[in-house]
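Labels for the chains are A, B and C, by order of writing; each one numbers its residues from 1.
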Amino acid sequence: MMETISVPTSSHSEMVDITKQVEECVKKHEVTDGVVVVQSMHTTAGITVNENADPDVQKDMLMRLDEVFPWEHRKDLHGEGNTASHLKTSTVGHAQSLIIDKGSLVLGTWQGVYFCEFDGPRTRKVVVKIVEG
Amino acid sequence: MMETISVPTSSHSEMVDITKQVEECVKKHEVTDGVVVVQSMHTTAGITVNENADPDVQKDMLMRLDEVFPWEHRKDLHGEGNTASHLKTSTVGHAQSLIIDKGSLVLGTWQGVYFCEFDGPRTRKVVVKIVEG
Amino acid sequence: MMETISVPTSSHSEMVDITKQVEECVKKHEVTDGVVVVQSMHTTAGITVNENADPDVQKDMLMRLDEVFPWEHRKDLHGEGNTASHLKTSTVGHAQSLIIDKGSLVLGTWQGVYFCEFDGPRTRKVVVKIVEG
């Protein structure tokens, strides 16, 4: 029970709501109870669970992450110049584990699952693995 | 095997040790081996595993997180004004996975499970899901 | 299906690639499908998944984490003086969940599993737990 989701991103930094795609994987496999691991297959893009209502939250989060981990840094050694993207990915996490109960993802009222693009735009790959139990 | 824990918090920022409550869920279901997912049902409060001995560690962590993600930020757009809480939640994580072995949580000597309140005080909800195996 | 990996570190801050050791645990137990939880047993060392190619990425990440969470801070209360290590651990995470498919760890081309030493050098302990399914 593993699925691959393709996530096209359209900005350099972007939080894309993938809650529906993850829920569809759960429905498709008709799992009633278990855990789902949602994993970004990249090192410059991660997964987080955060606010699904006001899109300004995502804008603020991306803006502030960019201040904490600025794109340019005089001491960076990495030739590709995207050290900040790697740091943001490890900060939010490359993957998140979610709970399935009675056939649905267990999420709070305001919780959504987000793919966090930190070095786009690109077409990205997310893997969803369900373990029943 | 899913349980809900209610966590009343008493400060705006606070780390509440919920290790015992999680352990009680494991004992109650008599699971000898498996994985537990401990999930905050909120977007302004998370879960982390950190030092259970000196309470000054938690004070320092909250103080420094507040410096990295200050409450007020002139560029914030989000009307509720709690962007910092959302960022801290994604930084520590909305959930953590823990290991069960021989009927107990596998934790290092100094490791405790903490509910991280970043926009309290409130009464919060944590969900604990056990997968055997 | 739980294994303990010993990780000797040689610097104060260091990212040690433990992908092979985790893969060996998966092979040893002949698991074809499931989830692995890789957990640091410490509160000043964590686990992350990040770039496995250019070692400058790890150097940059450690350097920048040190800027965001400097070793010395005039407001720190914790007597051991390693508050920064605790913060870095909660930022990257004390543990990560990985997917097993067809007997192998599911990792992107550039993804490796790293033990993150934030207060070394020491000999550290990592626990690997596999849940089939």
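Here are a few things to note about the model shown:
Please note the rule applied: a contact is a pair of C-beta atoms (placed from the backbone, for glycine too) under 8 Å apart; a residue touches a chain by one contact, two chains touch by 3 or more.
If you're wondering where the values come from, they're calculated on a predicted model, not measured in any experiment.
Both copies, subunit A and subunit C, contribute mostly unmatched positions to the interface they share, with under half of the numbers common to the two.
For the copy pair subunit B and subunit C, the superposing rotation over Cα atoms measures out at 120 degrees to the nearest 5.
Rounded to a whole number, the gap between the C-alpha centres of subunit A and subunit C is 19 angstrom. Among the residues of subunit A, those touching two or more other chains are numbered 34-35, 68, 91, 93, 97, 131-133. By the touch rule above, subunit C contacts subunit A in their complex via residues 33-35, 48-51, 54, 56-57, 59-61, 63-65, 68, 91-93, 96-99, 101, 106-111, 131-133. The part of subunit A that touches subunit C in the complex is made up of residues 1-2, 34-35, 37, 39-43, 68-69, 73, 75-80, 83-84, 86-87, 89-91, 93-95, 97, 125, 127, 129, 131-133.
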